[in-house]
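There are structures below to look over.
Next, two complexes with chain A in common: one pairs it with chain B, the other with chain C.
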Partner chain A sequence: MDNKRLDNKKVVETTKAAEREYGVGHKLIGKNYETADLYAKVTGSAKYAEDFRADGMLFCKLLLSPMPHARVKHIDAKAALAMPGVKAILTADDLPAPADTLTDNGTVIKASKWGERGLTMEPVYQGEPILAVAAVDELTAAEAIEKIQIDFEPLPFVVDPLDTLRPGGPNPRTDGNVWTRPPATASQGPGTPAITELKWTESDFAELKKGRLPMGKTPDEWTYGDLDSGFKNAALVLDETFITPDTSHQTLETRSAMAYWRNGKVYIYTGTQSTAQTLPAIARWLNIDPEKVVFISEYTGGGFGSKITGGVTMIIPALLAKKTNAPVMMRISREEETFIGRARPGFQGRMKVGFSKEGRITALDMFVVCDNGPYDAVGDSPSSGRIVSLLYQPQAMRWRGVTVLTNTPPRSAQSSPGGLQGIVIIEPIIAKAARRLGLDQVGIRRINCPEGKAELGPAIQGKRQYATSSFLKEALDRGAEQFKWAERVARTPKRIGTTVRGVGVSLSCYVGGTIGFDGLLVIKPDGRITFQSGIGNLGTESVIDVHRVGAEVLGVPWEKCDVTWGNTAKNLPFTCVSGGSQTTHAMTRAAYATAMDAKKKLQEIAAKKLGGKPEQYEVANERVFRKGGGAGMTLAQAAKHAIELGGIYDGHEAADDLHKLTKASVAAFAGQGLVGAAKDNYPRDGNTYSYVASFAEVEVDIETGKYYIVDFLASADVGTVIHPRALGGQVLGRSTLGIGHAIGQKWVFDPRYGEMLSKRFYHSKPPTILDVPVDMQWSALDIPDPETPVGARGVGEPPVGGGCASVLNALSDALGDEIFQRAPVNADTILTSLEAGRPMQHPLMAHI
Partner chain B sequence: MAVIRDVMAAFELFQPTSITDAQKLLEQHGTDAWVLAGGLDSFDWLKDRIKKPKAVVDLSGIEELRGVRSYGDHGADGIEIGAMTTLTEVVNHPVIKEKYGLLGQAAELVASPQIRNQGTIGGNVSQDTRCWYYRSGWPCYRAGGNICYADTPEGRNREHAILHADRCVAVNPSDSAPALITLDAKFIVRTRRGERIVDAEDYFVGPEIDITRLHILQPGDLLTAIRIPSTWAGAQFYFEKVRDRNVWDFPLLNVASAMVISGGSIERIRIAVNGAAARPLRLKAVEDAVRGKPRDPATGEMAGRVAVQGAVPLQFNAYKIPLMRNLVKRAVSGVEEAKWSS
Partner chain C sequence: MAEKASFKVIEDLPKEDVPKAVSRRNFIKGVITSGVAVSSASYLFRASSLLQGQQLAAGIGERLITLNVNGQQRRVDVMKQETLAWTLRYKLGLTGTKLGCDRAECGSCTVLIEDIPLYSCSVLTHTVRGRKVMTIEGLASADGTLHPVQQGVIDEQGFQCAFCMSGFIMTTVGYLKTNPNPTRQKLAHGVSGNLCRCQDYDKILTALMRGADNTRRSVLG
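Our next item is the complex of A and B:
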């Protein structure tokens, strides 16, 4: 039975993605190619942090807190330090003072007193590192840790956000339980977030008895439009409570790190999403000058938001290396990664939504409780409101949110932070509304879908923000056609034997790009071009892909291009962080600007050498030559001339508007060829978002509660396609990440002891390749975004929410609306609810 | 003293090449010894430093423990599977496929292909429970303490027992065990006093007999082989495992049955489930209730009801009752294959 289902036999033939041709009119943009790192990755020769070795290298291990909240009263490490082979111990007392941050515009952000520092004397979650021991090998370090005696004073703790909001509920931190941000002032800008205490009332909690989320006071709130009349005029009003899961990032590469000091500089090796931008983070954590840091990150085994600038724990081997005067490797085990490796915050959410009889959302009242974990405030709660307002364009909307601290492992952004949670809370309500109103599921989404420069969020100084563009309606229509939506909906019977089929569709979107970063390339005297990439090699291929734009602009075949990445000593430009799906947008802009700078320099050199005006020359086919024929020179010759000319042409001078990091890298190439370096100064009207319409079909066995996703398709509006194969990998890979939230990934805690039970990799149930259809499909519109020169937007996060919600909607299509009010949905949820005829899982209990 | 997990402690490794040598080593090291088969259960314990044996006796070099062979005077009485035979070898063996497909089906649903390549049939039936309190080193009954953390008002027990709980509510996670019970397999155990042959269902013990182990092996004992008699060769088999993920997951519940149908009636039947209690359960009451009855939906429904009599749910595992009822129903009366074609 089970095995046979795994064959995943196709039912409805979908259009193959491969049938589409991307990059029409381009030589490189929109074309598949082999990335330079491919062979290293598939043959295993690629070096991840753990693969590096250095002479005399020591190993360190961590001692983790056994308690969810406690104060360390005393550490006795005498017996450990006396062991042969044990070299040093590092405690929180050895950490540098937290550094303030100096932003690029000169503002100083004071270090937070509540921030995470890597080691602590007041652990605020079970599994938090308290100290580290360096020894000649890991076995010795582990044995030394077992000899350490720590006296703890247990402190109050809480693992369910609602428990701390109750009157008299325990606080997770001594200063309180919620993150609040004082209102912005004209002179000082937004206030610094602070931990304060918030308790709701007993009458607020009366709602809980009715299975609905209590809605007490929240620190954050915004509104636009007339909510009351929106509800009054609605043909249908639904008020639903829904819980989304906490999910570990579970990157296959844990956050292992190796470090040593040489000539006063620290060399750190670890996986990161963002090579150039991790360097200042390390400098801040170690409280040293960025010039004293060399950061190496050639390959990264997954990030998904958990390694945007690596993790603070990487300073542990760096500080132990200083203490022992030897290189130190810290290999993070899978169990340690579960505790320190970050996770998406779960939401306890409630939404009241009014619909016109045509299905248009007339009013939306959204309320979310975000389980933040014990440290820095995550942005999921405000982000969820903005994404919902953009994606469904409610005529009036109020958003209220509270970011609650708990004694559970630290959270961070995870692909579509807040976006997934918002989409997963609203989508089942829209599906239910369509059933109640007798509307088609695609139709109700079409009528609410953003279009063009769609607005989002509240009015700021009288004006709402808006998107650069949205072609989601086209993506939805194309997706529905490719998925043969109408055919599937009309198909009968819906049930054969004990199995029931259901189809689901979801809208999805997320932030898709930033602006204002730098690029750097060098045309060498041999005619080859080197692109300097400050992007992390995080698995998306953007580290290489974006430079195809530069090669296309300069008319150079890809075989004559080299890309340098993965080491800050190799002179990289100022680059965006690879988080928030910024990279493809931000760095194709920078790559375009940089290539245009090189092109201008080539034209100027040609005019200087061959006469005429620069604009009379064009650049193509590895040459710069007079338009319409005549004199010209090869790029190799131009590079030699650039070196003769010096100044701005060969990197002896740099444009004023470049970032200081880029200027230093330009200077390092002085005299080596024609140096192209530019900041992306292109205008942009609106904020950049990317969009996906997701479709899923499920088959549920109502006797076992087991279900299979039999088909899936994601139709993307992500601007110009740069690299189809990488794009498809992102669209389907991130859809799968979202699907994990629907089909089983979660955390389980014992609330009495505050300990995580689902700490083994297999307990947390990330989706496997056999949990998704063999033949998942994707396609992209390939319509350029009008507000960026290349037209490309980011893609990593936009598919995630839709991956989850389309599966949930397919389940309720198959089983009805009385099965689940939380994700994930598994056999237990389905069977007990089918037996009882109503949702049977506790509506609000966290981490079950 | 502080606790550190996920780093294997040092031990002395012995790699004997015969059963006799392995037994000698086990005798020599007594309770300090640990028997290592495929390692999939063992290494979790060893890496977590919860079990710290001084000596590990690795059975992988003992050729006589590997492979599938026929046994009996005439060479046709049944098959004998060496305890160190991998699950992949069990799945692929032609005689198992032909005559004892039930075992092949069960073995193929264990964990993942990688784990089946390494995991052994002996290890699969002898593995410890996966209760997440016990496996995390909580000092519960099973670990020698005097509390069950899973069976408290706040305990998280979605995957725990609905039947035969006695202080401890852990379950046996083996997929092959119920198939072997159904096939009336005999387990060959080498003890200090010689060889013992036990019925598959008697190999397993619940907490009322021994709360610290799931099987009868005492220190120094070795499971050397599993014999499957020809009694049920070629019978009508049913195996189903329900798990959260489609691969690399333990069963929430599984069911195995073997039947001989004659004239539309159930002439002979054996049926067992796992994931419901601390030991795989042979459902004798179900067997007795359906024997001689027509193999039809009504009999199936009745079988399901009989199977779950006495089941007691914990806070988070009530779903296991309808699940077990339905799985037993299917194992008796079958399930219509859903032919979705358009």
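Our next item is the complex of A and C:
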């Protein structure tokens, strides 16, 4: 009996790598330390949006659409408004007109007529907010909602993208069913995306009967290389259809928000991934001057892409607060969050891949249908093609994609948007090819792996884009060694009783950084440095970590440094959004530029006061002093001199190339000390990407279909390591987010009524602590990226696809290629497919 | 131990005192139907003091009780259907206890009741009269010295966004009272009723194990 039980025990031990020494040659960079937000977190004093209170605070509740698509014919709120304690009702008619966007270079982007506004008279998904009621307490507001009578006219709806692409299929929006971008014109640049109608033909749909994704016309496509000869010369060609799941972000903190108005300004409290950049978003949604907005977000309970600039629904309490002249708290329940809280779009994908006998990809033809939900176009579909082209370097490739609207909750970027889906579609094919060609799984990935300034995507004006660097091959080799890949593969027997083991490896990558943002610091006359951080505090710690770079450059011990974050009234610099794993890259660059600016000012002050030339001075140990010894002064003294000197030294003037937000913040510090402020103008050759090689071992009980992940390792190429523990948290945390897509998370809909069935945690449960091995491993190469001064790249998204795909590949290693054609893989799939000898789930239907 | 964990039956509440503001019919309807009603029913509460007496006259079932929270006696008006999480967060100002689901799915609202970790979103406040309630705010000693488990989290930079953190810490503190020397595997089981969406479970476990270690030392020391 014993050998039948899953023991979840390791046979082979991964070499522990987390104790590796990072930050060699640095004092702060690459070292662990206690972040300034941690004490408040462990004592419960950290304030998230719903923890704020204001005198006379009202509460509001939302009325959500019970139908996936309908028109509101009439609202009768008389009885509700007559209730004692009910203060106001807010409908779509009360929303400000959507504002156009004025970009920094002066271009006006017209507000989209299809955009989401927070409340609506034409709900396009079940759960979409129609109106809100403010009352003295939440129960009164909820009772008022129950008393409101709404006359709905049901409209046609779609929950499966393929249904609307059929000839004569219903449209999810009155104007059509797909997002298209008109071709760029010389005079007006790239066209604005528009909703149009696209139907495929009956003959396109003939493929469906063979269990393969139909491939009709798509609005988007690109090609490079010679696809035909690539397939002709291939030793093996595989053509597979694969479905990836829709998964809600499920941040543990819902998008609750509180707001009030004071002296003509609106104060909004809610979670965001990006403090500085949420302010202009609020101003646009409310159609008011950004100077009239104060935004507070000290702690955010998770984002994963769902709160890049917070959620548009935060304007509801703000508008109710205006109407009632009182603070309004809007608490969002778990179920409401499922509707309005964003999700990753699922893909229906198909890929034809040609391999040489050595396993090199000679040609790759990729086709994806992205389930966009009802609102703004997500970028997952194009991004999936770019990531696949970079990660596996096919000799020739075509990508085709269509972003289809459906009447399901709105999607947004989720950690590795499009990257996860692309990787999860191709990785099982590569695993299968290796088995067919008799190749080692690590080996076949090694020969397709990007290296150095690897190219990606189509040629634009005759030239393909390329990465700043890639050391993924080293990460793969290092990972294989630590994971003892060869030993695990060679181990026999794979099966004992009803227990089968399998090992899987996956490549993974995603965008890892942008450029061109600002930093701001102040050296105070007491010698302390304050770093102004416009980054959101969502737990990755980049909000604080990046400023270690500034302290390192200035030679100041961390104990003498303070970081200001979480409140736009506190004078923050122009900062990137924390999305697309940009922050560590973009903001270490800005931090470096800013510290160099402060250093230059220190040298100039020293030269002015003590003689000689600025370059004869160096900055270290909290002093600026003559090189090789001699005259000098403390940073505290220099700060006092800066105030005497004024001008650029103490913030009375600011550099021209700073963003206007930064300039306003610089001015606010005028006269308070030495002000360092700079824009990141460093060059960069290529686009920044980060990479991970992921390894998993699973143990499956073929009698029950249940399986465990016995071991997991992620080996990362993310440039210079800034904060090892925070980095490890991102590498393993986001790997686990990916693993959720493999082991169970998905959406389920009732297709007949368009009703969502997976509304709560337990319907689509994120992995728990028992779903992952008790000692997951990670390591990082710590090789600096050559195109950025500190060498650091971003990390949040790159591990996600590998987390999912390594587990899927381990499952097919254990069970064979005929078990699943979609993720997640659940016990019932395993059991029924094993018995039938072929995949037993519907090959294409969405949300089952 | 089993004795301690079970709740006292509250006998002194008038049986027919159905709060008028939420009729039973509406409450049940709210629970069983989907859509609008459910989404509002999941987070209901009444802040009677804000109603300035108008509803109080109609009788919404509030009564003044005394709670023992973090070693202090606290007098508070509660409704019969009021959850402990609500009382802590909105009446006693103890917002370190978080609500992630309000329906016993995530553990972010975990507090100790007589040393037993329980989901405070699923405990009615009036059932804990006379019992010792401990929240995250009550762990550190008066001089600011952190509890050894809190210190373990600091030592290892555990957790990311930390919305789940107070729940995990309270569960661990409770678990260690009866299992002072767990393996990683055992402690993982001990805290498996808590969900973390940031999911850096490995470092969470390392931090909590460090907390276990700190706790043993502090007991010895």
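Just so we're on the same page, the second predicted complex is superposed on the first by the 840 of 848 C-alpha atoms of A that agree within 3 Å, B and C clash if a C-alpha of one lies under 4 Å from a C-alpha of the other, contacts with A are read in each partner's own complex, and residues count from 1 in each chain.
Quick note on the criterion: contacts are C-beta pairs under 8 Å (C-beta built on N, C-alpha and C of every residue); 3 or more make two chains touch, one makes a residue touch a chain.
Worth saying up front: this structure is predicted, and the values here are computed from it rather than measured.
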{"item": "Contacts of A:Val136 with chain B and chain C, given as first, second, both or neither", "value": "second"}
{"item": "Which superposed partner A:Ile848 touches (first chain B, second chain C, both, neither)", "value": "first"}
{"item": "First, second, both or neither for A:Glu50, with chain B first and chain C second", "value": "second"}
{"item": "Chain B versus chain C as contact partner of A:Tyr762, first or second or both or neither", "value": "both"}
{"item": "Touching partner for A:Leu63 - first (chain B), second (chain C), both, neither", "value": "both"}
{"item": "First (chain B), second (chain C), both or neither touched by A:Ser356", "value": "neither"}
{"item": "Partner chain in contact with A:Leu831 - chain B first, chain C second, else both or neither", "value": "first"}
{"item": "Which superposed partner A:Thr498 touches (first chain B, second chain C, both, neither)", "value": "first"}
{"item": "Touched partner set for A:Val774, first chain B, second chain C, both or neither", "value": "second"}
{"item": "Chain B and chain C contact sites that coincide on chain A, given as residue numbers", "value": "61-64, 66, 138-139, 142-143, 145-146, 333-336, 755, 760, 762, 765, 767-768, 770"}
{"item": "Of chain A, residues touching chain B in the complex", "value": "1-6, 9, 11, 61-64, 66, 138-139, 142-143, 145-150, 333-336, 491, 496-499, 501, 699, 703-706, 708, 710, 743-744, 748-753, 755, 757-760, 762-763, 765, 767-768, 770-771, 826-829, 831-832, 834-835, 840, 848"}
{"item": "Contacting residues of chain A [partner chain C, same complex]", "value": "32, 34-35, 38-39, 41-48, 50-51, 53, 56, 59, 61-66, 84-85, 126-127, 136-143, 145-146, 250-253, 299-304, 331, 333-336, 339, 538-541, 725-726, 728-730, 732-733, 736-737, 740, 755, 760-762, 765-770, 772, 774-776"}
{"item": "Residue ranges of chain C touching chain A (in the complex, touch as defined)", "value": "21-22, 26, 34-48, 50-51, 54-55, 89, 93-103, 105-106, 108, 135-137, 139-140, 146, 150, 153-154, 156-157, 159-166, 169, 184-185, 188-189, 191-192, 194-205"}
{"item": "Residues on chain B engaged by chain A in the complex (per definition of touch)", "value": "1-10, 44, 49, 105, 108-109, 112, 132-133, 135-136, 149, 152, 154-156, 158, 240-250, 252, 316-319, 322-323, 326-327, 329-330, 335-342"}
